[in-house]
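Below you'll find a set of structures to go through.
What follows is chain A paired twice: with chain B in the first complex and chain C in the second.
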Partner chain A sequence: MTDKKEFWRWKEYRWHDETMDWKNADIISTGVDIGSVSSQAVILVDGKLYAFSNQRTGSDSPESANQAINWAMENTGMTLDDIHYSVGTGYGRVNVPFADKAITEIACHARGGNFMYGPSVRTILDMGGQDCKAIRCDEKGKVEAFLMNDKCAAGTGRGMEVFADLLSVPIEEVGELSLSVEEEPEPVSSTCVVFAKSEASALLREGWPKHKVLAAYCAAMAHRIVTLLERIDVQRDFAITGGIAKNSGVVKRLEKELGLEALKSTYDSQIAGALGGALFARALETKRRKS
Partner chain B sequence: MASQAVLDQETFETFRNWRLNRAQYAKEWKQRTGGRVMGYFCTYAPEELMYAAGILPVRILGSHEVQDVTEPHIFAMFCPFCRDCLAQGLKGRFDYLDGIMIAQSCLHIRQTFTSWQKHIPIDYSYYLPMPHHVQSRRATPFLTKELEVFKDSLEKWLGKTIDERAIDDAIEVYNRNRRLLWRVYELRKGDRPPLTGEEAMEVVLSSQMVDKQDHNAALEGLLAQLSKREPARPTGTRLMILGSENDDMEFIRMVESFDATFVIDDHCTGTRYFWNDVELDGNRLHNIADRYVKRVPCPTKDWPERTRVRHVLELAEAYGVQGAIVIQQKFCDPHELDIPALTRALNNAGIKTLFLEFDVTVPIGQFKVRVEAFLEMLQEDDLF
Partner chain C sequence: MIANYGYKNGSGDFFIAIDTDKCDGCGDCVSACPNNVFVVGEDPNDPLRDEPVAMVGEEHRKKLKYTCAPCKPDRDRSALACVAACKPLAISHSW
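Let's turn to the complex of A and B:
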């Protein structure tokens, strides 16, 4: 029997800036975002992005945090002792063993989004693994208002993973494939992951091709997120963070329904939370030195 | 002299015991006084009149436990509070009640009342048609007449008349309780309130469960202790909580586990219950009626003018509120209708708000991240 292919499994990876020398740095700060699905560690050297890692969260949050930071530091010569201040964020924020402080992912995404997309950003949509947040912030990246989806995982990364698996389409290809339909189908009627999956199975039995089913699901997800965004009064500029930001099938449909284009960034959208944490860590270390 | 720790532990013990052992208290009260106990469903119930008749009025509240006994009797899209209350009756947790009554407020809690009437054997029940249009000049005369009818009904049930003097005494006891509670709340205006929101909730909830004379004596003692009490924790961000019924101690405790203190509320289980006195001037039933017509209103009665918005803003200013948590029981339409106006008014006054929808049990984990993020919004300016 062959191993079943895990279509939902996205690529874990790390990066560091080989041109940067951290040894003479004044402040080395880190943010570790332990999300429900993925974990990231970001290391800033004097406020500049030096290294990050992005991996799947395991069942043990402290272990995931250790793995994330160790992976980010791999081949850099850096150790935990070199880091001046660490902030934990995400649902596992209080379980980061080496963190000096825990800050919510809402504050961290706003701050990380501000760094990634610039000070013109006023509305940030974080589409995470198991929840979705609409955040309004000021020019410094401080939260002014926020809303979260309630009670269910509809419109989140976990739902998209379920669909990738159901249709045997690698998760990274879902977005583009869904956009290859000639005509947009009606969205699936439910965004509840379980009900939508049943509905999709029925559509497949009716003979719908995969890309059409994916288009119907991406459209339903986009619509659900737009209803959340409308409740917070979307202000320009608008940006998206989190894993689903990489899914063009959801993003393009969401932009169309909203009538607003999201800003583009060269940074990986998944590291926004950890990046915001590292920026808070830098501010906290500066404050600590002053006091 | 008692140490601060001992003082802290003992200060609120009486109130906490009353809240946790309310059935035992009521049963002992009946034995002690030979009186009857009346459960009521909404704070528009004219307790003075019942108390004057030698009755102990007690408020029916829920238990915040998941239950499956109300499904056949009340709609699932009626608010969780009214379902939770009915569940307590169906489970026999109010088996010491001799009667139940309601003064009309909302449809949902009235369904609890009528379902209770139908399915739980009880000696006496009474529906008081409290007017909705309390802003009408005809509201007080209307309610005065209704109170006369209610008084007749109570007299028939008890087989005795309720005399003027007993009504005067009852008004005196109730007004005293309101003034003492108000003095406790006044202490929360200070820079370092000597009690937390959780402790204040303990005090005000228990007042709806026990004989006001017992409660008054305990409040006198409490005030004496609070005047010399040093709070054991920093006040942090000064919060207001407002919305529908709220006796969710776990939620209050969770919020105050952060650097924040609730300094004031606008709940029918809190300030709306006791904020207004009965003013004595002529006919006593008229005075009582006037008190319930003019009290801080529940949203079911706050129209066409939304007077509560002004009241909430006044409270926020007087108590130095920095942020407000606006809650509503799921499916509570009257509060839902008021929330946009209240939120806008608070935001315009520079007070940020966090909206949360409550159910029988609240998802503490999910709410925790929202509360923490809300507090971060109000604090940490120096990190930007």
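Let's turn to the complex of A and C:
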């Protein structure tokens, strides 16, 4: 029997800070981001990052939300009852059963990006599973302007997964491999997943090596995002959140076209939304206690 | 905040921008628009704001070009009903 390898599959994982004791905490807040492709839960203890999980979204949003939070709480002794305030965000935000409030990804990515990249961040580009958002924010992570392109899956994680599978290249290697071309090929003419797929198949039949096809696709995706950013007026510092931030093939080409380098962070770019949600949860709990 | 709702595609940019710092949530745009493009409510993009704000309804965001077409003839275009109704001048269109 031969197993079909799932090239699109990225690593799911969890983490918690074993040196931290949450039992005497004043406020325990969480953010749960249910995206179309991935889901994350972040737990903050008095505003400090305590635990998170990052996994694939299942077919059922409430179930994915429960799984995400339970996984983040694993081996911590914490239960849902210990959490003071929970915020749901992402595409499935209204389907988080234990959430006290739902907040858009726009607000959460700005707030989370501010925490991850610091107060100098003015423009955040969130490249998620199924849409792409450009956000301008102030030094506190408050949104000043935003733009969302939810028209099609172009420039998204889902599109990249389809490509990884088509070319049988593990998704985590797509970026590096695409950068190994000696000369940049013309971008594929369309980033629409359906068209790009048939275009790529044609190029492969013509004898293009995989890394060249990937380079053409990453370049097309980068270009498409740059045209979207025109309306939002990119100011520095600039940062990228979401799964595509991990794809150096897209990021490097995007930086080149913009003439701007994206900030690096030690945090996982995929948790930005959930992290922002947890930060709002803390602020909202503080507000609730005052009133 | 400038909230841009809409999309960009091969045929152009189709965004309605609402300046939420100017918008006072009066709801005049809701009644002025013949196609119910606007809704007024809690700002989902600014959870710490207390006043209501106008936004473009979810179901219209992907098809604004078509929804607004009757208000935008190629020639003899008069002021858009939504823009004219908004006293604080919070609404603008990109096309």
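The rule is short, and it goes like this: the second predicted complex is superposed on the first by the 289 of 291 C-alpha atoms of A that agree within 3 Å, B and C clash if a C-alpha of one lies under 4 Å from a C-alpha of the other, contacts with A are read in each partner's own complex, and residues count from 1 in each chain.
Rule of thumb we're sticking to: a residue touches a chain if its C-beta (ideal position, glycine included) is under 8 Å from a C-beta of that chain, and two chains touch if they have at least 3 such contacts.
This is a predicted model, so every value here is computed, not measured.
Superposition note: with chain A as the common reference, chain B and chain C are in steric clash.
Contacts of A:284 after superposition: both chain B and chain C are touched. Looking at the superposition, the partner that touches the larger set of chain A residues, chain B or chain C, turns out to be C.
Once the two complexes are overlaid on the shared chain, A:144 sits against chain B and chain C alike. In the overlay built on the shared chain, the residue A:117 is in contact with neither chain B nor chain C.
In the superposition on chain A, A:101 contacts chain C only, with no contact to chain B. By the document's definition of touching, neither partner reaches A:50: not chain B, not chain C. In the superposition on chain A, contact of A:91 is made with chain B only, not with chain C.
Residue contacts after overlaying the shared chain place A:238 against neither chain B nor chain C. Only one segment of chain B in 63-71, 225-233, 243-251 or 279-287 runs into chain C in the superposed model, and that segment is 243-251.
Contacts of chain A with chain B, set against its contacts with chain C after fitting on chain A, overlap at residues 103-104, 106-107, 142-146, 148, 150-151, 280, 283-284, 287. The touching residues of chain B, counted against chain A in their complex, run 352, 357, 363, 365-366, 369-370, 372-373, 376-377, 380-384. Chain C meets chain A in the complex at residues 1-5, 7-9, 13, 15, 44-48, 61-62, 94. By the touch rule above, chain A contacts chain B in their complex via residues 91, 103-107, 140-146, 148, 150-151, 280, 283-284, 287. Chain A makes touch with chain C in their complex at residues 87, 101-104, 106-107, 142-151, 227-228, 231-232, 280, 283-284, 287.
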